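Look at the two complexes coming up: chain A is in both, with chain B in one and chain C in the other.
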Partner chain A sequence: MRDVAIVAFAQSDCVRDAGARNEVELIMPVLQEVYKQTGINSAQDVDFTCSGSCDYQQGAAFAFVAGVDALGAVPPIKESHVEMDAAWALYESWLKIQMGQAESALIYGFGKSSPGELPIVLSQQLDPYYLAPLWVDTIAFAAMQARVMLEQGLITEAEMAEVVARSRKNAANNPHAQLKGDVSVDELLAEPEYESPLRRHDCCPISDGACAMIICTVEKAKEWGKPYAVIKGIDHRIETHHIGSRDLTQSISTKQAAEAAGVAQGPVDIAELYAPFSHQEIILRRALNLSDDTKVNPSGGVLAGNVMMASGLSRIGEVAMRLINGEGKRGVAHATSGPCLQQNLVTVLEAQ
Partner chain B sequence: MAQLAAVVGVGQTKYKTKRGDVSIAGLVREAAQNALNDAQLTWDDIDAVILGKAPDMFEGVIMPELYLTDALGCNGKPMLRVHTAGSVGGSTAIVAASYVQSGVFKRILTVSFEKQSESNAMWALSNPQPFSPHLNAGAGGYFAPIIREYMRRSNAPYDAGIKVAVKDRLHGAKNPLAHLQLPEITMKEVEDSPMLWEPLRFLEACPSSDGACAMVIANEDLAEQSPGKPAWIRGAAMRSEPTMYAGREQVNPQAGRDCAKDVYKQAGIDNPRKDLDCAEVYVPFSWYEPMWLENLGFAEDGKGWELTMSGATSLLEGGDIPWNCSGGVLSSNPIGASGMIRFAEAAQQVRGEAGDHQVDGAKTALGHAYGGGAQFYSMWVVSSEKH
Partner chain C sequence: MSSSAEILSQAFTLGYTYTRSTGPIVGQFLTALRDRKMVGIKGSDGKVLMPPVEFDPVSAQALSDFVDVADCGVVQTWSWVSEPRKAHPSDKPFAWALIKLDGADTPMLHWVDADDAAQMSTGMRVKARWAEKTQGLISDINGFVPEATALSEDYQANEAEEPITGIDSPSYLTYNFTAGGATARYLAELKKGKLVGQRCPSCENVYIPPRGSCAACGVATTDEVELTNKATVESFTIVYIPIPNNPIKPPYVIANLVLDGANISFLHLLSECKNEDVRIGMRVEAVWKPEEEWGYAMENIQYFKPIDEPDVPVEEIGKLKKGGR
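Showing the complex of A and B:
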């Protein structure tokens, strides 16, 4: 596989409620920002565009169609969309570059969760015959997973609180974060349980926002004369939907994706993990076999702000920008979808 | 450079109003199993699954790929879900092909479906949105004014649409999988059917169907070892433009013309009417045949209806460029799958596997899909010849 360069990344602030701003208004500023970083004018200056979003957040069929209005697609452009986190839109674009059909691509993801009740909305992504009628929401599933881990002695509540404390502390340096600040493990453990054993802070917040990225061949990045990080490996895997058939204490599909992406082929300086619940960060660290030397979620991760459909791409963008800024030489980014980490994407990036 | 890839297996379900005998998982499994059987492969031979469907609201299941992974034998493998409006079946095939053409995967399964009986597509398309004018008309109401403008510009006879409605249903009667089976249909019957959206009558509109379509796409080595005849993917293209902008040409959209030009160039096609043996084109409303004949370069501007009226697009009348020999979208419309059915039927023609609706000796065929406000396009050209 050829190396693919990430030359630009931008994300909006994670906010609980973007108010009257519609999706196009959320997308436009991050598109403008990546055009500026790359030194181009519009989506007309890249070979391919791909986005990720979910109709149910907006409550309308074809919600993504409005997104095309943000692109200036006149004359028409080569464009596609996944009903997934935009990390998978990056994957589709990466394939286009691998096959030589594009030298450059624009990727964006957006989500406005504020109009609905996200955990309840997401309960409708379950098996429609056996699970969805129970209206089990995403938090309840995660709580069951945490309970299994606690009962098997694989984690402690203090370890979960440590994840949260580190997230809030790291997020203090992230201007886009929704939740940040200094909190001690003891303070967190003194909080009441929300959906047992989870406390509110163990669950990611709900955010509105968008992010965008521009990728290209290394040759094109040199032509543009912009600093870049490269994607050395990328892979995604899914596992069974039936929670009762899975070992919830580990993430098999993350391990499989990590192996295919080549995570173990070198030291990992930085990792950004899409862990919407504190205990899931621990599962992911173990699945990726990260050592104590790896700086995990330096942005605060999604516990500090979670734009559904954009957060996965943002993890990749966060690692790329940190590598470009010299914070490390090699990094790993992870994206997830589905209940209890059902589907996972792993990217290995290197500084140049 | 893109690597060669070919369709080595095609599977479809029977299309009908309501498949009450299967769940959504059962529906996609049926198409996928049929494709594997056709390719003489098993689930273990598949490296990844690429799933496509139209809006999740059509069944009320968000991101159904999560739930369908078990039915599609995808556990431990990559699963990607495409959604590009009505063009999605075609777009999904193109994304699926890129898994192989990139050299990253050797052999993949792609599936698309719609189980329209689970809900009401017209309602799902018509819920009001903040800051937008409310359109409570469904797709037919959206396209009818554009068709009227085509009729005004081209001076087409009033019955060109009726002719297409009859022709595609007669084709569909040759295809046992087609939803509508109307071997006795006449021009008069279509003309006498109720007017829905002037000038579109009931029998000039597509049905609502349940159904799924699947294909196995393999790289050059594996395609050559395949027991059946491969359909080589000679070109694939997608284009998008906004729903509305000042000066937008809605009758003959630029995105469709650009997409056709791109795919013809890749496949070495100079004159589509001559160089192609047949085409499967997304015609959900009768008048879109003459309109797309022009948009896709089979006829000069304003002359598409002449081809239709002359019988050039009819298999039964011995036309030189038969369109929608399978019966097309006018005979079966599981929305999310409708584009992939066009792509798969094009492949079946060049594989010589189209049964009673086979075009004799077909070597090269076009598959086409469009969606949104006629703004998203996906097309591929497949051939029995590698180069």
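Showing the complex of A and C:
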């Protein structure tokens, strides 16, 4: 596999309600920002464009097609879309480069969840015979997963609160974060339960926003003359949709993806994990076998702001930018999709 | 942006009125539910999977060996919903639970009707509360209840015999749709009786209705341009088919119209002329409704009508004066 360089990344602020901004108006500022970072003019200057979004979030059919209006696709460009988090759009773009069909790619993700009732919208991605008709939502599954872990002694409520406190503290340095500030574990534990055993702060907030990234071959990055980080490994795995057949106390698919991506082949300085619920960060740290020396979610992670369909790509972008800025030499980024961490993508990045 | 846009939003419900074929495995499970019975399926390792799946989650082998399972069992984990959402199966607080039925080896998801969270515990025994009338849906189980709960078994017997092969599974999602910034400004001007497009700062094309970007250049359109009421027919069709809920009686003309000074067409009605006289290149003008009826909608214009001006040659339509200048 050839190394692929990340040369640019931009993300919008995570906001609860983007109000009068349509998908084009959400996407355009982050696109302009990555063009500027790369020193190019438009999507015409890359070989391939791929986006990640889900029309059900805002309830606008073909919003992902409307989003193409942000690109300047005249004359026509090579373009693709995944109805998934844009981390998987990155995976498709990475494959294009591996196959020699492109030297550079623009990837973007966007989500406007504020118009709908997100947990209920997401319930409709589940099994259409057994689960979707009951309208069982993502929070319920996460809560049942947390209870299994608590009752088996695999985590404590204090450990969950520690994850939240660290997220809020780290997010204080993240201008894009939605939830930030100093809050103690004791204060968090004094909060009432929301969907037992979860408290409201154990659940990520709902956010609107967008992010964009430009990747390319190392040769192209040198030609552009911009600093970059490289993707050394990337892999994703999925578990069965039959939730009763899964071991919810661990993330086997993350373990498998981590092994295939080569996480264990060196020390990990920085990790950004897509853990929408506090206990899931603990599951992921274990699945990735991260040591105490790894700085986990220096951005605050998605507990500080979660743009569905963009957050996964943002985890990768966060790690890449920190490596470019000299905060570490090697990093791991993780993206997830589906109930209880059903599908997981792991990326290993290195500074140059 | 020239000014912060007024936020225009509207509630709406999106309905997906799907019917789904079940296939033989899910169908057999749902057929059993209709008879108030539970069936699981044997996986490749001999364990009983509940609810049944077509293929083994580990070996991927096709499965077909159904096994009767009890309609009672043990809660393996649960969450307590203190504030049920409108779509949820219960109006009052309830529990979601993974329940391992007696005779099954994997738990299934359903809900438990309990008085409060204190009544719930992992390991508690629960039993299915069957719906009074069953249809062959997962909701034929009207939740589970603690096993000691007395249930009146005043059921309507199922008389259907045909196996379930398909189900209605409508899904309605409610949204509060918000117009984008460019659309909101356009609609606000339309409410004042003005047609205001936006010009691309790069290629100078003028778009109406504007979407906030130039789709050709990929840059934000910021300059607003007020356009006239006059337009040219770029294309048209005569509609003969009555459309449900449409008050307009066919046959009528729908045309792609390019406003003078604009570089993109939009759809509107054409009237006050014989349908057979409509042609590409024809010059037309907007007929507005009375001012007191104006809202945030293109319906402020009732229709376009022909005007006495020479036709625009076909090859010039849509290429009218770049930039509207």
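Rule of thumb we're sticking to: the second predicted complex is superposed on the first by the 352 of 352 C-alpha atoms of A that agree within 3 Å, B and C clash if a C-alpha of one lies under 4 Å from a C-alpha of the other, contacts with A are read in each partner's own complex, and residues count from 1 in each chain.
Rule of thumb we're sticking to: contacts are C-beta pairs under 8 Å (C-beta built on N, C-alpha and C of every residue); 3 or more make two chains touch, one makes a residue touch a chain.
Model, not experiment: these values are computed from the prediction.
> Just checking: does A:S42 make contact with chain B only, chain C only, both, or neither of them? Give me first, second, both or neither.
The second partner, chain C, only.
> Using the touch definition from the top, say if A:Q101 reaches chain B (first), chain C (second), both or neither.
first
> Tell me the contact category for A:A60 with respect to chain B and chain C: first, second, both or neither.
both
> Does chain B (first) or chain C (second) touch A:K169, or do both, or does neither?
A:K169: touches no partner chain.
> Answer with first, second, both or neither: which of chain B and chain C does A:K226 touch in the superposed model?
Neither chain B nor chain C is touched by A:K226.
> Answer with first, second, both or neither: which of chain B and chain C does A:R237 touch in the superposed model?
first
> Now for A:L134: first (chain B), second (chain C), both, or neither, which partner does it touch?
Touch partner of A:L134: chain C, not chain B.
> Is A:M144 contacted by the first partner chain B, the second partner chain C, both or neither?
second
> For A:R286, select first, second, both or neither according to whether it touches chain B, chain C, the two together, or no partner.
The answer is neither, since A:R286 touches no partner chain.
> Hey, what residues of chain A end up touching chain B and chain C alike?
Common to the two interfaces on chain A: residues 22, 56, 58-60, 68-69, 71, 73-74, 121, 124, 128-129, 132, 240, 242.
> Tell me, which parts of chain C touch chain A in their complex?
5-9, 12, 14, 18, 20, 22, 26, 30, 49-51, 53, 57-58, 76-82, 85, 87-89, 96-98, 100, 106-111, 117, 122, 137-139, 167, 169, 171, 173-184, 211-220
> Considering the complex alone, what residue numbers of chain A touch chain B?
1, 22, 49, 54-56, 58-62, 64-65, 68-69, 71, 73-84, 88, 91-92, 95-96, 98-101, 121-122, 124-129, 132, 235-242, 252-253, 256, 337-339, 342-343
> Report the residues of chain A in contact with chain C in the complex, numbered from low to high.
19-25, 28, 31, 42-43, 56, 58-60, 66, 68-74, 114-117, 119-121, 123-124, 128-137, 139-141, 143-145, 147-148, 151, 193-198, 240, 242-245, 248
> Where on chain B is chain A touching in the complex?
1-3, 23-24, 54-70, 74-85, 91, 95, 98-99, 101-104, 124-125, 127, 129-131, 237-243, 245, 248, 254-255, 258-259, 372, 375-376
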